[in-house]
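In the two assemblies presented below, chain A is common to both, partnered first by chain B and then by chain C.
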Partner chain A sequence: MEVKKHLNLIAMYFKFNLSSSMEYRASFLTQTFGMILNNSTFIFFWWILFENIETIGGYGFREVMMIWAISSTSFGITFVLFGNIRRISQMIVNGELDSYLLQPKDVLINIIASGTVISAWGDIFYGLILFMGVYRFSLIGLGMFIFFSFTGAMVFASLLIFANSLTFYMGNSQGIASLFMEFMITFSIYPEGIYRGYTKLIIYTFLPAAFISLVPARLINNFSWGWFSLLIGAVVAWLIFTYYFFRRGLRKYESGNLIVSKL
Partner chain B sequence: MKALNKYFYIFKISLSNNLVYVSNFIARNMFFVFIVYVMLLLWQNIYSHQGNMIAGYTLNQMIWYLIITEMVTLSRSNVFTEVSEDVKKGQIAYLINKPYHYIFYCFSNSLGESGVKLTSNMIIGMIMGLVYVGPLMNLNLVHLPLILISLLLGMFLNFFIYINLALTAFWFEENTAFMWIYSKLVFTLGGMLIPIEMFPGWLEKVARYLPFAYVTYGPARLGVKFSLSEFFSIISFQVFYLTVFIFISIFVYRRGVKELNVNGG
Partner chain C sequence: MSIITVNHLSKTFRVKTKEQGFRGSIKAIVTPNYKEVQAVKDLSLRVEEGEVLAFIGPNGAGKSTTIKMLTGILHPTMGEINVLGLDPIMDRKKLSFKIGTVFGQKSQLWFHLPPLDSFNLLGRIYEIEEGLLKKRITNLTELFEIADLMDTPVRKLSLGQRIRCEIAASLLHQPEIIFLDEPTIGLDVVVKQKIRDLIKTLNKEFKTTIFLTSHDAGDIEQLCKRAIIINHGQIVLNESVKNLKYNYMNQKIIDIKYTEPVVIENPELKVLKSKGYAIKIEVDSSKCDLDRIIAELMKLGKVVDITISDPPLEEIISGIYQEKAIGGDSLEGAK
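Up next, the complex of A and B:
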């Protein structure tokens, strides 16, 4: 019941954000296509590499494009649905949470879902187009891709909420949050085989980038219930952990007496 | 000489402004360390399967190459955003009537910012290179000043291309797309992540004639595989393109100012 209420709130915000994004249609299209073009340059990088080398860390061109597709769509979903995630730290510092605290909705979901990033639509479309391009079309494949893009978005969102919520405990953590974002994106777009030792441990635990794209890519190519359960376990664990981490931190929040109008 | 004094003061002010924000400074350096680390992992894996030499580069040279290209791109100033905002918000009206040339004001201002970034990037880059792959193979210290000249020319060229793109704000309300496209051209045809020797033959030939390669590839190539003949060839391209873009920026600025229309104040 509680979950349904949260999903309803997210859906309502999505509707409003979408219609406000569409108000400036030219800007929406420019930003979306700009982002698609921007991401496409990485195809060039990998194309040149695979012109010279056959496989990298056990991945061929197709596999690399697959993890790129999942990462890109996951990233896009995160920022289309929860655009305010990147502003949490700044909002805490400025004392902008007051208006959210007064509303009869879950504070965290209310905050993150009340903003969107238009260019993130470009990331969603880019991932989808890329996936269709490299994976022979099948409904099951596409279904899995969409499902894993959502699990990836949940992992990504959880980590960003965690990094931004550090502000409650240690002061402005915007710098750390943007570094975490870079780490997560970068770790999720290179072949798994290049990571060894501690780095591999880190991407499965503290910076769970492996669960955004690497594990899903493995599952799409060769499904196993063991890995699937591990993925779902990791997603749920991170969601619960960050939710409570934020709630605990919120107790430390002090209003900044800032009068803001939330439109 | 006295005429240049004002630009030197602008540079000094910008230098001290950029030394103040320590957390920004640390975050930027962490990013540099991280991105080169991931590249190291990638290339280590590739070299372990492909042998000692790829496109004429050893692993040691490849990592130092990437450190130098990242050094140039990460040391760029924020000139694009600043100039675009100056033009769009009308702030430029207060800057064009001062006793300096706006373009060279921006250049001196950028030098302070880039100077701080380049110094820290060079120190961190060298430490990273030494820790990750050891000292650069066959480096002759006598060549260092020449490599540095090429590196600075690459950065200046980058600056003048950016300012040209920023000045388009006189005519276009939304000009960020130009910056995106240019930065991706440096990323790809500029050999920022892959030396252009790895490109297919025809593309390598094209890339060698375009300005993007002289922002990042040129200095990095000289850094890891120095030869006097290549030095003269790369420097000639850099000086040529730099002169071209300086003249274009002065021309574009003049045309833009004529069309400037600022409302209110």
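Up next, the complex of A and C:
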């Protein structure tokens, strides 16, 4: 029941945000296509690289494109659905949570879902097109891709919520949050084989970038229930952890008197 | 029946302090210093159903902090709060269906969108059934005279127009209590009056309990029956506005107009302004008999016009602040 309410709230904001993004049609289209173009430049980089080398860390061109596709779409979904994630830290500092705390909805979901990032649509489409391009088209493949893009989005979202919520405990953490984001993106778009030792440990635990694209890519190529359960377990554990981390932090929320508007 | 009960409420903030200059900044990184600021200290109060209460105090007195604790935004450091039988923190969601809040400095409308879009979204957030929501929007837009603003983006509205939309938005779910934090801040006289009339209507017609903070003595005089004055997080005075005026307002202002110029020699009277025919006098009614003074004034010449008025509440309040601040036991400060 509660979950259904949360999903309804997300769906409501999604429609609301989409219709308000559409108000500025030209901006919507340029931002979306701009992002697709921007991302596409990396294809050439990898293509040239693989012209000379057979495999990198056990990945060929196709595999690299696949992890690119998944992380791009995951990233896009995160910011299309939860655009305000990148602003949580700033909102805490400015005392902008007040109006959300006054409404009869879950605070965290209400905050993150009430904003969107238009250019993130470009990331979603880019990933989708790339995936269809490198992977032979099949309904199962596409279904898996969409599913893993959503689990990836949840990993992205929970880590960013965690980093932004640090603001409650230690003051403005916007810098840390963007560092975390860079880290997550970087470690989810390079072949897994190049990571060894501690790095590998970190991307499977503390900064779970592996669960965004590397584990899903492995599952799409060669499905195993063991890895699948590990992935779901990691996603659920991170979601629960960040949710409570945020809720606990909320007790320390100090509001503020800055004059603010909802943008 | 009390619908808000607050017992021994306190709120402490931890504030980082830093010595001045670059050295201070470096020091603050290595060994940060904190000081505790008590925004609200041992505050207890009650609000009755249907009441219009003024919660007043100078800047930084703890007004907004108290409202934020009453509405579930801030966690109290100590004490108990009960609003409509609910604990604002534990039952935040339940409570938010029953209360409305307007912060003069914070908007709940989306800046780039017309109010109608925000109203519809808020309707969904407050789970109001669609037909009912439409009806309420129509009623509120009529009452607040905002029907022709509904499709203009909020960023293009004037402050007065925006505040009217804000208050209307906070009433969509028909709250039993409405908290207004400085609703008339920055508005011109005409718009202020309009907002006051609306608040009065709300209280009369819908029996909405109103908890109002304001700097504006006019708001309090015209709207409220009771005022709680706080300073440094503590209640300084909790009295009916009538008593407040009576007890702290011994000063009377007499404006009197004669047909010919007169000279006032009575030392009990302080002449504030004199243009020969028209004189403005201040009298301390606790020290001298108003009857006698007026009779005396009448004898001085033929009177064309006379008005006796109270000094504005603003002066009275600032007097009380000063009196309490110096801890004096006389009312000299109030005068």
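Heads up, the rule we're going with is that the second predicted complex is superposed on the first by the 257 of 263 C-alpha atoms of A that agree within 3 Å, B and C clash if a C-alpha of one lies under 4 Å from a C-alpha of the other, contacts with A are read in each partner's own complex, and residues count from 1 in each chain.
Convention: contacts are C-beta pairs under 8 Å (C-beta built on N, C-alpha and C of every residue); 3 or more make two chains touch, one makes a residue touch a chain.
Model, not experiment: these values are computed from the prediction.
Novice: Quick check for you: in the superposed arrangement, does A:Thr186 touch first (chain B), second (chain C), both or neither?
Specialist: Touch partner of A:Thr186: chain B, not chain C.
Novice: A:Thr41 contacts which: chain B (first), chain C (second), both, neither?
Specialist: first
Novice: Is A:Leu7 touching anything from chain B or chain C once the two structures are fitted on A? First, second, both or neither.
Specialist: A:Leu7 sits against neither chain B nor chain C.
Novice: Is A:Ile232 in contact with chain B, with chain C, with both, or with neither (first, second, both, neither)?
Specialist: neither
Novice: State whether chain B or chain C is in contact with more residues of chain A in the superposed arrangement.
Specialist: Chain A has more residues touched by B than by the other partner.
Novice: Pick one for A:Thr55: touches chain B only (first), chain C only (second), both, or neither.
Specialist: first
Novice: With both complexes overlaid on chain A, does A:Leu29 touch chain B (first), chain C (second), both or neither?
Specialist: neither
Novice: Looking at the overlay, does A:Ser178 come into contact with chain B only (first), chain C only (second), both, or neither?
Specialist: After superposing on A, A:Ser178 lies in contact with chain B but is clear of chain C.
Novice: Sort out for me which residues of chain A touch chain C in the complex.
Specialist: 9, 12, 16, 20, 97-99, 101-105, 110, 171, 251, 253-255, 257-263
Novice: For the complex, give me every residue of chain B touching chain A.
Specialist: So the residues of chain B touching chain A come out as 23-24, 26-27, 30-31, 34-35, 38, 41-42, 44-46, 49-50, 54-55, 174, 176-177, 180-181, 184, 187-188, 193-194, 198-200.
Novice: Would you pull the chain C residues touching chain A in the complex into a rising list?
Specialist: 13, 16, 64-65, 68, 71-75, 92-94, 96-97, 99, 101, 103, 105-113, 117, 121, 124-127, 154-155
Novice: Can you name the residues of chain A that touch chain B in the complex?
Specialist: Residue list for chain A touching chain B: 27, 30, 34, 37-38, 41, 44-45, 48-49, 51-53, 55-57, 172, 175-176, 178-179, 182-183, 186-187, 190-191, 193-196, 199.
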